[in-house]
Amino acid sequence: MTEFGSLRDVIADLVPDGASVAMEGFTHLIPFAAGHEVIRQDKRDLTLLRMTPDLIYDQLIGVGCARRLVFSWGGNPGVGSLHRFRDAVENEYPSPLDIEEHSHAGMAARYVAGASGLPFGILRGYRGSDLVKHTDVAQISCPFTGEELAAVPALNPDVAVIHAQQADRRGNVGLWGITGVQREAALAASTVIVTVEEIVDELAGNGPNQAVLPHWTVSAISQVPKGSHPSYSMGYTTRDNRFYREWDRISRDREVFARWVEAFILEQKDFEGYLSALDDETLLRRVVDG
Amino acid sequence: MTEFGSLRDVIADLVPDGASVAMEGFTHLIPFAAGHEVIRQDKRDLTLLRMTPDLIYDQLIGVGCARRLVFSWGGNPGVGSLHRFRDAVENEYPSPLDIEEHSHAGMAARYVAGASGLPFGILRGYRGSDLVKHTDVAQISCPFTGEELAAVPALNPDVAVIHAQQADRRGNVGLWGITGVQREAALAASTVIVTVEEIVDELAGNGPNQAVLPHWTVSAISQVPKGSHPSYSMGYTTRDNRFYREWDRISRDREVFARWVEAFILEQKDFEGYLSALDDETLLRRVVDG
Amino acid sequence: MGKGRAGANGYTSDEMMTVTASRFLRNGQVCFVGIGLPSEAANLARLTHAPEVVLIYESGTIGTAPNILPLSIGDGELAEHADLVVGVPEVFSYWLQAGRVDVGFLTAAQIDRFGNLNTTVIGGYQSPEVRLPGAGGAPEIASLAREVIVMLRHSKRAFVPEVDFITSVGFGPNGEGRAGHHGKGPTVVITDLGVLEPHPETNELMLVALHPGMEVARVRDETGWDLRVDPDLRVNQPPTADELGVLRDLKARTEQAHSG
Amino acid sequence: MGKGRAGANGYTSDEMMTVTASRFLRNGQVCFVGIGLPSEAANLARLTHAPEVVLIYESGTIGTAPNILPLSIGDGELAEHADLVVGVPEVFSYWLQAGRVDVGFLTAAQIDRFGNLNTTVIGGYQSPEVRLPGAGGAPEIASLAREVIVMLRHSKRAFVPEVDFITSVGFGPNGEGRAGHHGKGPTVVITDLGVLEPHPETNELMLVALHPGMEVARVRDETGWDLRVDPDLRVNQPPTADELGVLRDLKARTEQAHSG
């Protein structure tokens, strides 16, 4: 049954060192609060899974939580590079990072297979791409037509972490807007952690029966308002595009990044602290200027 | 682009003799009006596809429109047999009926493959079932684990026919409640016919972005209020359970069935006529009593 | 004791069957429910000792708590009272196939001594004597649910040595067992006369419990093979007043709603 | 004429590129749009000559008509103005893979003379000089869209004889062609200098049109292979006042919204 708890307790209890963890969210509803808590608790040797690593994984990789990254597109959306990710791949800084990369279609098919209890998924994909030389893709023939298709292994995270708009008191989770691959990641995982904007008597969603994950598929829920910042939670917050652009400057330099993590994550007790720190304009200036 | 037209014109234009036609609907939103129009226009040699044939196919089979049936469960839900279907299979009356049967999971996987543009779908299914001796299922090995799974060929109807609650004036289609396999059937088909309860300025559905089929995937739309009777259209009509029970009596006898089709379908100009005929209690009595 | 009329004990054999079946469902279990007898028993369980049971119907209604019994698998009642409603492809892929179902609750036209179920044809496949509705969701439920509960009225026509067609596998045509399946198969068969369970070694269904007032001879007589009887044969508890009251209320509500 | 500043003609080379690209999109086409330059051109088309173009972004937003350009592929703006929003698995399976996309609109860090695209690494894969974001949706868009339009600013670093890594295939490493693919591949490449198209026989990209005021020598100079020039070299029409006005309004609205 679903447990409700503080994010600190939930991450401490359910994310062991060495786990494979999928913190999903396709631009929308990215679980930043949970990512920060993982950094605060200094989890190690994680295998991070995610279609679009985004800033949250840049931070986790930058502090050295990750041993391996499985992904399909690792950039700062609309801005440019993930500099900590690049530094890890290009210079093994702060530590070497194993990578396994796919196309979006392939990653999606892997999660779908995982959620479906199948060992693999099939797609008409990867054709002519050099990706096949560097990743885990097989060929499979259609038994009816003989057509050759790509097969990809199921992806079943130890832990899936998602951020949603709402949970009801029984633990049913509702999310809407761009829902990405979160249902599949959650249904493919052994443990499912959900942070939510709000806990409500009845899911608003869009009409009845809009639970996206029923309570019995969810391990733990923690309420963290604005827990997707600088991503957004449709109906609750808007995307902090300025932060995404600032991240380019913060993450480009190892020292600035380290100071930022120190000031905005490690010195903060929780995500509320981080949100307050953001309001302090001088703090960011001090971090950037050293 | 979507055309709006009378059901008579739409069926005349888009359902040729010999076509494979999927009139889908999982108890809910069954496109009876379209089925009646097919009967009125005396279409022949159809291959009927449908997970749950229900009364609509009992009628089509009973009048001899169908040459072949592909299905996974052919009963009168909660009542018993489909007598016209049984008469066709057991006694080749009114004509022989080829059948190809699957499990629900297999049929669903076939439609999903069809909608996905894949030649086949995979599932952990049919194991130990005699179905494999009589239907089109292959074995396939997982290239990563070696596990043996079932493969089923994609199902791509020539024509899909569904009933929905709403369409907007651009032709976007909205449906909700139990949605069955309708999206997949429609997206797998070459031609998509939709009957709707109502044409609206803006889809109500359940919040924004609730079009289930965008206008450019829909060939033709015809407004037919109560067009799912005796099935139902959530939010518009309720299921006529009494009719389902009466059907047992109507369909059990070849003569009664023939009289019923004559009186309720062939002698009616359209579905509105059928609905009016239902209000005339004496008509049914005359049909049953001969 | 007639099947439809309350006997001297104040309940019918169908009621006894439903109540007994409902007791096999444990609170919090996830149950994939077939329409008819299974649906009745599963909802009785939900309304009595297992309020947190999660009922899934193949129409895609998950965690549903209908006020009345559905006549069909896709009644609006199921959608209106569900935690979520998903498409039919998803209910089989993300939910059943993924191994999320504890109990599959099935019925059939025929069952054989190894728990194989037939809902396809009586007689040969090509020219059947009786064409039955077919497989529906049953083959995969039988294979993939952690365990399967079967409900079926006892009769020689229904309890046959070998089914005419294995629609949904139990322990295989010769009781081979469950290799290749993710679930344990039919762990219990509840009838209007008693309860059968597979023998732990041979997988042959044997009589393990009688309903009150039933006799072994009658059960053997209604069974198409030489039915073995568990040496520790039990007698089931009759329905409690609560069970009976809740069941009858449910059926009365249902009848009233469906006659509308 | 600088890339960011309007030149003597009253428009920038980036504007010329976007306007030219937008003209390749026809009304009613279904277009799978990448973020950045393609998104700008596709929306310009929608707001000018192609109001019924259907824009699909890989975030699952289908038939979307944003008022401002999205900064990311999953901006709320895209969801709010979409005909429907589907999950990411579905956008690739039911929509792209099913062959519903007429035009894939892509960009890349590198393109080679056979239209192959690189968004993965500069240098070797194991120890790259520059690690780029990776594939995203591009490999399947490149393979499966009926045709592909590429937008990319001209430079020797971008237009290379052979890409360091084929992320998304054009006509293959040696211009082999499109066997095994459902789409025709890159039918046109629009840059800030002009337009390239594959030679009908060799599949090698050749210069078929110049933007007004550009010279062949400059284009050849910015291209990393010995660029062939179509004997019937055209000169593109400059942006109309309407195109320019709509584009600038769109960008001004966008800037204002994103600086909030």
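The first chain written gets the first letter, and so on, giving A, B, C and D; residue counts start at 1 in each chain.
The rule is short, and it goes like this: a contact is a pair of C-beta atoms (placed from the backbone, for glycine too) under 8 Å apart; a residue touches a chain by one contact, two chains touch by 3 or more.
Just so it is clear, the model here is predicted, and its values are computed rather than measured.
**Q** So which chain is the furthest away from chain C, centre to centre on CA atoms?
**A** Relative to chain C, the chain whose C-alpha centre sits farthest away is D.
**Q** Centre to centre, by mean C-alpha position, how many angstrom separate chain B and chain D?
**A** 42
**Q** Quick one: report the Å distance separating chain A from chain D, using the average Cα coordinate of each chain.
**A** 28
**Q** Mind checking the centre-to-centre distance between chain C and chain D? Centres are C-alpha means, answer in whole Å.
**A** 58
**Q** By the touch rule stated above, which residues of chain A touch at least two different other chains?
**A** 117-118, 123-124, 183-184, 208, 210
**Q** Would you pick out the residues of chain D that each touch at least 2 other chains?
**A** Touching at least two other chains: 79, 85, 93, 97.
**Q** Write out all the pairs of touching chains, ordered by chain label.
**A** The complete list of chain pairs in contact reads A-B, A-C, A-D, B-C, B-D.
**Q** Which stretch or stretches of chain B touch chain C in the complex?
**A** 26-28, 51-52, 71-75, 77-79, 81-82, 85-86, 89-90, 101-105, 108-109, 111-112, 123-131, 134, 148, 177-181, 183-184, 232, 234, 238-239, 241-242, 244
**Q** Under the definition above, what is the set of chain A residues touching chain B in their complex?
**A** Listed in rising order, the residues of chain A that touch chain B are 117-120, 122-124, 136, 138-140, 142-145, 147, 149, 151, 153, 176, 205-208, 210.
**Q** Taking the touch rule as given, give the residues of chain C at its contact with chain A in the complex, in rising order.
**A** Residues of chain C touching chain A: 28, 30, 54, 62-63, 79-80, 82-85, 93-94, 97-100.
**Q** Mind listing the chain B positions that touch chain D in their complex?
**A** Those in contact with chain D are residues 1, 115-118, 172, 183-184, 187, 208-212, 214-217.
**Q** Enumerate the contact residues on chain C facing chain B in the complex.
**A** Result: residues 35-36, 58-61, 70-76, 78-79, 85, 87-89, 92-93, 96-97, 116, 120, 125, 127-140, 142-144, 165-169, 172, 180-182, 258-260 of chain C touch chain B.
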